[in-house]
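Common to both upcoming complexes is chain A, partnered first by chain B, then by chain C.
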Partner chain A sequence: MPTRTFPGFVAPSLAAMVLLIALPLLGVGWLAFHNAYLVMEVVEVETRSPPEVKVERVPRAVLDAEGRPLRVWERVGGRNFVNITDPERAWAALSAPRTGSLGERLRAVWAEPIAIDFWGALEFTPLYVLATTPAILLLGLGLALAVDRTAGLLEGPSIFLSLLPFIVTPVVGALSIKWLFLDDAVASVALEAAGLGKIYFLKNALALRLPILLYGIWHAAPFAFVVFHAGLQTLPKESIEAALVDGASWGQRLRHVVLAHLAPLVTFVTLIHVMDAYRVLEPILVFSGGHLADSLQHLTYYILNTEQNYFTASASALSTIAGVLVLLVPILVRAWRAEASR
Partner chain B sequence: MSPLGRPPASVRAILVGGLLVWLVLAGFPFLWMAAISLRQPVDAFAVPPKLLAPVTLAHYAQIWLADRFWLEFLNSAIVTVGSLGVSPASRSPATTAGSASGSCSPTTSSRSRAGS
Partner chain C sequence: MLVDQGGWIYAIAFVTNLQHFFYRKDLFEQAGLGVPTTYAEVLAVAERLRGAVGTETPYGAAFKVGWDLGTEFTNLHLAAGGRLFEPGTAEPVFNGETGAATLELMKRLLAHMSPNAPSLATGDVTAAIQQGRIAMGTLWASRAEAMDDPAVSEVVGEIGFAPAPAVLPGGPPASTLFWDAFVVPKTTRADRETVFQELMAGLSEETVRTGGDLADWIRSAAVPSRCSEAVAASIRAETPSFPTQPFFALAHGVIGRNIGDFLAGGESAKKSLDDAVADYRKAAEEQGFL
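Then we have the complex of A and B:
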């Protein structure tokens, strides 16, 4: 491609990225360090309704020359961040003197900072990311290997059925899982019949996490599967033949030829899934249905809830972005090293 | 045919069994949802769950004819088709440019790609 046509080809998507991603992000960054409020004054209002004269002191917005409420914008530095993370209370909860057994003390040290909304939301988010990521990688790889063994006619339908949880709209998928875990619904009854006792999934915020994690794996595993399945199709025949000639067992071929070939795809799936899992919202909304929303916090849901004050919402949004960067950095560093060593 | 060659019998059993279990898990929630949509409210969430129940299309009639489901359907279609039209149109040139200038210098790559 001639050098001068290159900018022309890249310009549309670059413009879209600046306009739709970079500028809003800068706006959020700016909002996070600012605050605005209406200037209020207390005025005495006299109400005459004979025989009495009532004088009330009521707050009222100060108006500017054009009769609009006077709004003051101020830079507040890190105050919004301090407000949402409440470091003093978190530190007090962590360093408070404890009594009782070690288990009780550990539980208290864990539970009290979690009572602060932001830290509570921060608790489930990494749990969701860290629990679902290895599960979808393993399940996806297993499915790719299994579908690879199915012959001709069965391959198409099993690919279609496997992809279904990924294709269907997350809200619908989450609902279909939730309806299995209602009290006395299919999954609950089956688990009771299996001798696990009666579990009220939707009545207990802790038990509710299990179907949400299962949903997360169920929804994202097909994505890992389809990427690995595509990767298997590009596996060079020669390397497998060479491994066979060398007398490599199936396990050795899997480890040293197939997994080595799929390694970049593992990084890709991990990156995409970590970003996806970090911003997951639908299952939280669907499963909690509102009434457990406070006990089942997730960062995205937390931001949605603080949205009426867009300054603190921006601050939590920025903190959230910082969080996903922290999660992504090890993967990116690893990918970069692998690329550099080539 | 598998590029990996034939796995040992135990692995084959795990792969086939696992795939069957997965296919049931992947399909069942939607089948069950479809079953609920065709049932009377009294059967839909019956305790214990019913495998078979009388079928009705009343709920479909309700949402399509009375609840203006088609309007929401239309909105979703507009958003989908709209973003599908804009996004590839703006991105595919960048992909072409990126892949063309990726490995070789601009002049050689333009020459080597001129024929294709």
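Then we have the complex of A and C:
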């Protein structure tokens, strides 16, 4: 390719990235260190609205000379970050004097800080990442190997079926899993019929987290599958044949030939999934609403949606990005070392 | 109805919605039970109905942590004579004795609800009544009509409606009135006169007279359906309107997020409400309300 062709090809996507990713990110960065609010005054007014007429004291925005609401802008340094992480209350909760047995005290040291929004979200989010990542790698690999062995006509439909959970919109997917586990729903009734008794899946933290993790695995495993399946197509037949001639067992072929070939893809899937999983939102929204299992992305959503505070929401979003980076560094370092040692 | 504040008309209210009491007429009749008018009576009736629909938990309400749970607290707290704020200020006062008593009442109600209740929202409770899984519940009036739809309901004609139970004997129903209104924004690019005429045509006398099953209209010409009676009765019983202060949204949000910890059994009522107040203060200070 002539040197001049390359910039021509990448320029459009580069422009899109700057416009749609870099600039908004800069904007979020700016918002995270600022705050603005309307100046309010309390006035006594007569309000007529259903069901009654009432005279009440209500806050109302102070207007400037041109009749526009007076808004105060301020630079707040790290205050938005302090407000969302609430280190003071977290420390107080952690270091509060405790009584009771050792077990009770340990439980309190854990439970009291995570009653604070941010720390509660920071407990479940990494757990979600750590629990789903190995599961989707294993399940994706298993599916890829299985589909690879189904020859001919069956291969197309089995690829399509395996991909389906990934195609289904996350909210719809999460709802359909939740509906399996409600009172008297299919999964609950089936388990009761199997003699396990009435199980209420949304009842406590452990029971609630199980279907959330299940959803996460169900949703993301097809992504791992499709990448590994593509990787298997590039596996040279000669290496497998050579291994067979050398008398390698199935396990040895899998480990030393197939997995060795797929290793860069394992890193790739892990990277992408960690980034995705750390930003988990839909199953939290659907299953728990943040109760007993919260995520950082859900917390940002709450601040945007309920508080409508774009400044702390930006701080919350940036801290989520920071978390992703922290998780990615070890994977990247490992991949870089592996690459360097080749 | 024209909505105005200080003489400045800003909207036309046209429909209401509020939560009221849904109950299985057949089961109540069989057990010889009257319709409860207070939550103390609801608890007593729940005891009597235990097992009546093949469940130990005959009561239902949208207790999903978040918006739904915050709304339930607001309804019960106001009906118990509680205040959310110092009048005329954004100063929070919902963590007092009335607040704690309200939470204790919610926990007692929870004992008669599905153990999944803190994850069940309006749609789930609607389905539970329609499928005959619960014998009574507090639910949105807008869901009443679907009780008589044979395509989705197994209890057609069996559900009775009444104003929400009170917390204090003789007090107002533990519910809050919502209303929807038309507003034509200043920035609209359409012809404002045409938009207004369209809206008025939509709310014509004929529409509200024949469409009693579509909504609870705010118009004297409206002919209420079987399902609207309880709404009218709730308004006569002085159901207060849902709080409209701009900072209420912040309080509503933090209450909905925090009190689940108490209901789940992890912490005291006081601690949950104090946490909610601490979160509220932070959010209200950021936005200049405090």
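Everything below uses one rule, namely that the second predicted complex is superposed on the first by the 284 of 342 C-alpha atoms of A that agree within 3 Å, B and C clash if a C-alpha of one lies under 4 Å from a C-alpha of the other, contacts with A are read in each partner's own complex, and residues count from 1 in each chain.
Rule of thumb we're sticking to: contacts are C-beta pairs under 8 Å (C-beta built on N, C-alpha and C of every residue); 3 or more make two chains touch, one makes a residue touch a chain.
Being a predicted model, the structure only gives us computed values, none of them experimental.
A.B. asks: Is A:Asp184 touching anything from chain B or chain C once the two structures are fitted on A? First, second, both or neither.
C.D. replies: Touch partners of A:Asp184: chain B and chain C.
A.B. asks: Name the contact category of A:Phe6: first (chain B only), second (chain C only), both, or neither.
C.D. replies: first
A.B. asks: Now for A:Leu244: first (chain B), second (chain C), both, or neither, which partner does it touch?
C.D. replies: After superposition on chain A, A:Leu244 lies in contact with chain B alone.
A.B. asks: Looking at A:Leu202, would you say it contacts chain B, chain C, both, or neither? Reply first, second, both or neither.
C.D. replies: It touches chain C, and chain B stays clear.
A.B. asks: After the superposition on A, what does A:Leu38 contact: first (chain B), second (chain C), both or neither?
C.D. replies: After superposing on A, A:Leu38 lies in contact with chain C but is clear of chain B.
A.B. asks: Would you check which partner chain A:Pro222 touches, where first means chain B only, second means chain C only, and both and neither mean what they say?
C.D. replies: first
A.B. asks: Go through the superposed model and pick first if A:Thr47 touches only chain B, second if only chain C, both, or neither.
C.D. replies: In the superposition, A:Thr47 touches chain C alone.
A.B. asks: Could you list which residues of chain A make contact with chain B in one structure and with chain C in the other?
C.D. replies: 182, 184
A.B. asks: Can you check the complex and tell me which residues of chain C touch chain A?
C.D. replies: Its residues touching chain A are 1-7, 13, 16, 64-67, 87-90, 114-116, 118-120, 124, 128, 131, 133, 177, 179, 218, 235, 238-239, 241, 244-247, 249-250, 252-253, 257, 260-261, 264, 266-267, 275, 278-279, 282-283, 286-289.
A.B. asks: Please name which positions on chain A make contact with chain C in the complex.
C.D. replies: Touching chain C from chain A are residues 35, 37-40, 42-43, 45-52, 56-59, 72, 80, 83, 86, 89, 111, 115-117, 178, 182-184, 200-205, 208, 287-292, 302, 306-309, 311-312.
A.B. asks: In their shared complex, at which residues does chain A touch chain B?
C.D. replies: Answer in residue numbers: 1-3, 5-6, 8-10, 12-16, 139, 142-143, 145-150, 158, 161-162, 164-165, 168, 172-173, 175-177, 179-180, 182, 184-186, 189, 218, 222, 232-233, 235, 237, 240, 244, 250, 253-254, 257-258.
A.B. asks: Once bound in the complex, which stretches of chain B touch chain A?
C.D. replies: Residues 2-8, 11-12, 15-16, 18-19, 22-23, 25-30, 32-33, 36, 45, 47-49, 89-91, 93-94, 96-98, 100-101, 106-107, 109-110, 113 of chain B touch chain A in their complex.
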